[in-house]
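Presented sequentially are two complexes of chain A, the first with chain B as partner and the second with chain C.
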Partner chain A sequence: MFENIYPQLIGLCAGALLLTSALMVWRHSLLASIRLLALQGIALAALVAVIGIAEGESELVLVSLLILSVKGIGLPWVLAYQSKASIKQIQESPRLNPTAALLTVTLLTILSYVVVSRVFGLGDSSTGHAAPIGLAMVLIGFLLLISRRRARSQLIGFLLLDNGIATITFLTSGGVPILLEFAFSLDVLLVVLILHVFAGRMRTKFGGTAVDQLRELHD
Partner chain B sequence: MSGIGAGLLLQLGLGALAVLTALTAAPSLRSRAVGILCTLIAVIGFLTGLGAMLGATGGLRISIALPIDPLLLAPDRLGGLFMLIVSSVGILVSLYSMSSTHGPDASRTAWVAMPVFLVGMQLVPAATDSVSFLLALEIMTLGSTVLLLADHASRATVASAGIWYSAMSQLSFFFILAGFAVLAAASGGTSFTNLQEIEPVPANVAFVLLLLGFGGKAELVPLHVWVPRVLPEAPSHVSAAMSGAMVKIGVYGGLLVSVRLLPDGPAWWGIAIMVVGGASALYGILQASVSSDLKVLLAYSTTENMGLVFLALGASMLLRGYDAQAAADAALVAALLLAVSHAAFKSTLFLGAGAIIHATGERNLDRLGGLGARMPVTAAAFGIASLGAAAIPITSGFVAEWMLLQSLIHGGRLDGAVVSVAASVAMPLAVAVIALTAGLALLTFVKAYGIAFLARPRSTEAAEAHEVPPLMQLSLVLGALFVLALGLLPGPIAALVAQTVSSNPSAAVQSVGLGGVSLPGIGAVLDPLMLVVLSVLVAIPVIVSIIVSALRYPHRTVELPWGGGGSRARPRMQYTATSYAEPLVRVFDDVLKPSRDVQVTHVAESRYLVERVRVEQRVSDVFETRLYRPVLNLFQRYGIVVRHIANGSIHRYLSYSFVALLIVLIVVSL
Partner chain C sequence: MSLILWIPLVGPLALAGLSLLPGTFALRRFVGVAASSAVLIAGLLLVSAVLNGAVPETGGGMLRADALSAYMISVVGAVGLIATWGGLSSAASSRTKDAASYEALIALFLAAMSLAVLADSIGLMWAAVEATTIATAFLVGHHRTGRSLEAAWKYVILGSVGVAIALLGIGFIYAASVGTDTPTLSWVQLSQSNLGLDPALITAGGALAVLGFATKAGLAPMHSWLPDAHSQAPAPVSGLMSGVLLSVALYAILRIQSITDLVIGPEFLRTMLSVGGLLSLLVAASLLIRQRDYKRMLAYSSIEHMGLMAIGVAIGPAALPSVLLYVLGHGLIKATLFVISGRILKVEGTPLIADVRALLVRRPGLAVPWLIAMAAIVGFPPFSIFFSEVGIIMAGWSVGLGGVVGAALVLLLVIFAAFTRLTVQMTLGPPANGVGFTPDYSAHGPRLPIILALATTATVAFVAEPVGTLLLQATAVLGGSN
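On to the complex of A and B.
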């Protein structure tokens, strides 16, 4: 029974990951992006859980719980820590218009499929077939990093990139030991906390967190 | 563990202790405490070097995790000699700096850098693999840079000198690194014993790179541009260490390449070294002779001396290639003696210049004068060292230049036949270069000593000068004694030095008579002490008869009419350094390209009467204005263009990495 729906489940989770990534590029509101990030975290956790159940590794299920708590709940909560009222007003005015951005996302996804199939081969397993999604997420995260002006929107791009790396890891090698995953998660949490505090300081100091206005640092 | 290894380890330990002491000691104690430790480091280095030079073996082996040969510090005889040179200068400088440093020169940073500099310098000749060599070289450069920058806060020129020094020393380092990399790639190991047996092509490439690198360290033209900026701006004890000791590391590098690593090169290697050396010697002494800043003069004279050393080295390589072994060995020993004597007299001269600055605050010769009566010990030491620098007999410089000239004059012929056309053209040219250099050097140091110490004071600071503290006097006297000892007893020293480079030292150089030196292969003998005894014997009857006749006739006081014209002469009427060198500037106008500025102020009532004439003359470094400025301007323009690419926008930088990543992915999947 489970063997039959396993490929579908993997496809569903991977699809959710890609969809949330694309939506993050499309949506300009910070709150929406944070919610999408939470969804993505949940999808990633589900993906890990599915792989864990299929391979019969209880450790991976634990990892999936960890991911759910950190990426699905912890990080979005930290990002949305401000009052909802103020965060709703934050609208990103990206450097790329939505049409061009979505077109770029399409191209990046195609590129990642080409690269993975040419270089590594997709293999026969359903996880192998989904692997290019991870690379696409990394590239989309990078795109967010360079197209968003605000520090916190960039932070979301960074987290998307991190999710992409995690996705590749789980899809190609069946995950990493729980200790390593724990350390990675803590690292990311710490980075986000620091950047969050930093962005808050920037806002109180300069009245905004638009990174592209900070050019005078080069001297 | 062998004695050499223990000595090296002790130096490292003392260095660490000195750094700790400099960090923690109270400011009032710092100079004394760290100065004593630095002296100890230098003394241990001296003993270790002496041991290694006399043939003791052993060393330190430091295993490292990298997949290369272990670091090995085991000086051979040649390395021992250079450890000896460097640490002798270190002893003088450490003693001197204990009482000379004050203000920013005695800051914690400066005193931390001092032991680092000394230890780095003493470890370079001990290294027997390229990695530890480069490591020690960088430690030395780091220490010297920090020492140079001690006074950067109060003088803007120091900061500029620091930039020049860092850029040029890193350029040299790059060349040396590239040279060693080529050798290591060709031979498959980093240890010096592995770096032999190289194919001709990589050997040629490595030779050119290493020559450029070590030439830069040894202040040779055209990589000398840092010298006239750095040596004058550094505190005097640091200039003495740099010029007396650090520059010798460049010489050691040259010897390492030509004697140890790549001994059997083609003839053009020797000629290339001779050309570079000869050009440096001429250009250096020409600039020195027209300079009126005492420390700039000494700095350029360093370039001249190092040029002579490399000239001798090149001649030795050329002659060895034509099997004129005796002359080749003599030239090589002459190169080493030049290096040894330069270490002695130039560190004394720089320390003397430091004493003058300590007493007057002036290093412009045009504002000095009359210091001989006010600072007798400094004057005597500076005078003896000047004699050495001008290569006058009974000093060290003379013996070395004599030996070099002997080998050049006799080297072109072997058993009466000309060894080669190249040698028979190169040798007379080299002799001419040395002759011109020696003449100009004499003029330069007559100027330096005469204007600074003789005549009347040209400023109130010079008139109010007092002798420096005893410890500074002690190191000055020690340096001057070195200069005399090397000049009076050249035989034993030359024989000792010859053992470090020659396979058959007694065939090249022998000690004869009263410490005299003989070159059996050439058939030349020099015995300075005997000459001194002889001239004293000749002089005694003359002196006795003068005294007797003086006693026979009573002394009469004669008042010259109008004081002989001298009683109303004012200090401003005397020769200055600039006016003394003025004929030279005219003669060498085309090379030096001086810029003159004459401003005449007329009296308000009449244009026929002159109120004041102001003459300003600047001699800039031709290499700097013609070679370095255009290159720097090009870089500057490039930098301005590049600023648009790197404009400080984080998005732009991220885009660069993103595009790079995409390109990599596309290329990989093609």
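On to the complex of A and C.
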């Protein structure tokens, strides 16, 4: 029974990951991006849980709970930690218009399929076929990092990049040992907290969080 | 014996906790010095153990000190001691809450660096390197000005993205090991020759991991965070980042290289590192010629030296003893220079080279050590940097990389000229307003750490036993023979 729906479940989770990434590029509201990030965290946790059940590894189920609590709940909560009223008004004005951005997302996805199938070969497993999704997420994360102007939108790009790396790791190797997974999650959580504090300081110092203002230091 | 491995981790952590306790004002300012001393003592004990043929291990094989790790941990301790001791804050300024978190973060930084070099797992090493980003983020932004905030933001974003790329690489390397009988991230096991790791995965993994750690090592073209962070951070922090953080990132590259070389041969990473090294030298040379800020000048000098070290790593075992000696020499001298630059900034009140004139006449107490350390950093003998540079260039010639080291030599000459010009501008010449000053002989801080650092780098290259033996043993580790 489970063997039959396993490839479909993997495909469903991977599809959800890619869809949330594309939507993050499309939507300009910060609140929507944070909600999409939470959804993506849940999809990633589900993916890990599915792999864990299929391979009969209880450790992976624990890892999926860890991911659910950090990426699905913890990080989005940290990002949204200010009054709902003010966060609703925050709109991003990215350097790329939505059409161009979505077109770029499509091209990046095609590119990652080409790269993965040429370099590693997709293999026969359903996880192997989903692996390019992870690379596409990494590339889309880079796209967000360079095309967004606000500090917190850049932060979301960084988290998307990180989710992409986690996706690749789980799809290619079934995840790293749990102790390391714990260390990785802690590191990411702390980096996000630090950047969040810096974004707050930027707001008091410059009256806004547009990273464009950061151009005093140069040669 | 294996208990020593815990000292550089637990010691600084305990001291960090101590500095955060209320009512420890008097002791607080010595926390950084005490933490580095703990690391240095543990490092020296480990070196002596390694020279006696032991390889201390603990924590179920997670922590391990072979010759290379023991050497690196001593470097971390020594450079840390010079930077923290030389930058010792005054008793009055250590009463604030900021001072408490500052000292605690320095201690945390040292603990994370120690973990990075002692961990026998590229995953744990990665987590430790990322932890140093976390510890140093607030240290870079310590002054809370707009500029330091900008530097800190760029540093954390670029640093974390770089290290995230390294994580992707480590993921691939792990995926390669899942294909064998024993999935592992331990580099001791990964660098055994008969594992049968998948070459495609190792190539991709090695390239990404080296690219990621090269970002932390400040190699061009991923260097852009470095001059900003180094120029805005408090002087001892700049010294620590330049002397310790960059070197530990280079150490990570060495460990990754020892894994990839066995599977795909040395050519691939050799090309990558040669290009990165030469680009770094080029960036440093072009931006040093017209540099106006003396802390940024030191930052570009770090890029230059890391570039040359990367070329040394590219050359391989023939150059590695020189590279390792380089790590120590560069770390000590750069920490000294940053400490003195912090004192110059404090008394002169300006970071601009053009505004600091005739330092030798006006403030000989600062100018004399500054000049000596400058001579050491541009590579005058008897300081060890000279011997390291010569060693790397000779080794490059012997393995057929004459073109690369030739180009490096030309760029080094340009950098030498630029450095000499800037230093002469700052120190020599008559004072601007001629009359009415008394020469200031004060060193504006502890003298002993500066003397110790200069004396060590001037003599270490001549000590064949035990330094030479240790360096050869450390090189043997990377050849996979230990």
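To be clear about the criterion, the second predicted complex is superposed on the first by the 218 of 219 C-alpha atoms of A that agree within 3 Å, B and C clash if a C-alpha of one lies under 4 Å from a C-alpha of the other, contacts with A are read in each partner's own complex, and residues count from 1 in each chain.
Following the convention adopted for this analysis, contacts are C-beta pairs under 8 Å (C-beta built on N, C-alpha and C of every residue); 3 or more make two chains touch, one makes a residue touch a chain.
Only a predicted model underlies this, so the values are computations on that prediction, with no experimental measurement involved.
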Room on chain A for both chain B and chain C (clash or fit): clash
First (chain B), second (chain C), both or neither touched by A:Leu190: second
Which of chain B and chain C A:Leu145 touches, first, second, both or neither: both
First, second, both or neither for A:Lys205, with chain B first and chain C second: second
First, second, both or neither for A:Leu103, with chain B first and chain C second: neither
Which of chain B and chain C A:Val114 touches, first, second, both or neither: first
In the superposition, chain B vs chain C on chain A residues touched: C
Touching partner for A:Ile5 - first (chain B), second (chain C), both, neither: neither
First, second, both or neither for A:Ile178, with chain B first and chain C second: neither
Listed stretches 39-47, 57-65, 75-83 or 561-569 of chain B, narrowed to the one that overlaps chain C: 57-65
Touching both chain B and chain C, residues of chain A: 119, 145, 211, 214-217, 219
In the complex, chain A residues that touch chain C: 119-120, 138, 145, 151, 154, 158, 161-162, 165, 168-169, 172-174, 176-177, 180, 183-184, 186-187, 190-191, 194-195, 198, 201-202, 205-206, 211, 214-217, 219
Complex contacts: residues of chain B adjacent to chain A: 646-651, 654-655, 657-658, 661-662, 665-666, 668-669
Complex contact set, residues of chain A against chain B: 95, 111-112, 114-115, 118-119, 139, 142-143, 145-147, 149, 211-212, 214-219
In the complex with chain A, residue positions of chain C that touch it: 121, 123-124, 126-127, 130-131, 133-134, 137-138, 141, 144, 146-147, 149-154, 156-157, 160-161, 164, 167-168, 171-172, 174-175, 178, 183, 185, 200-201, 204, 227-228, 231-232, 287, 291, 296
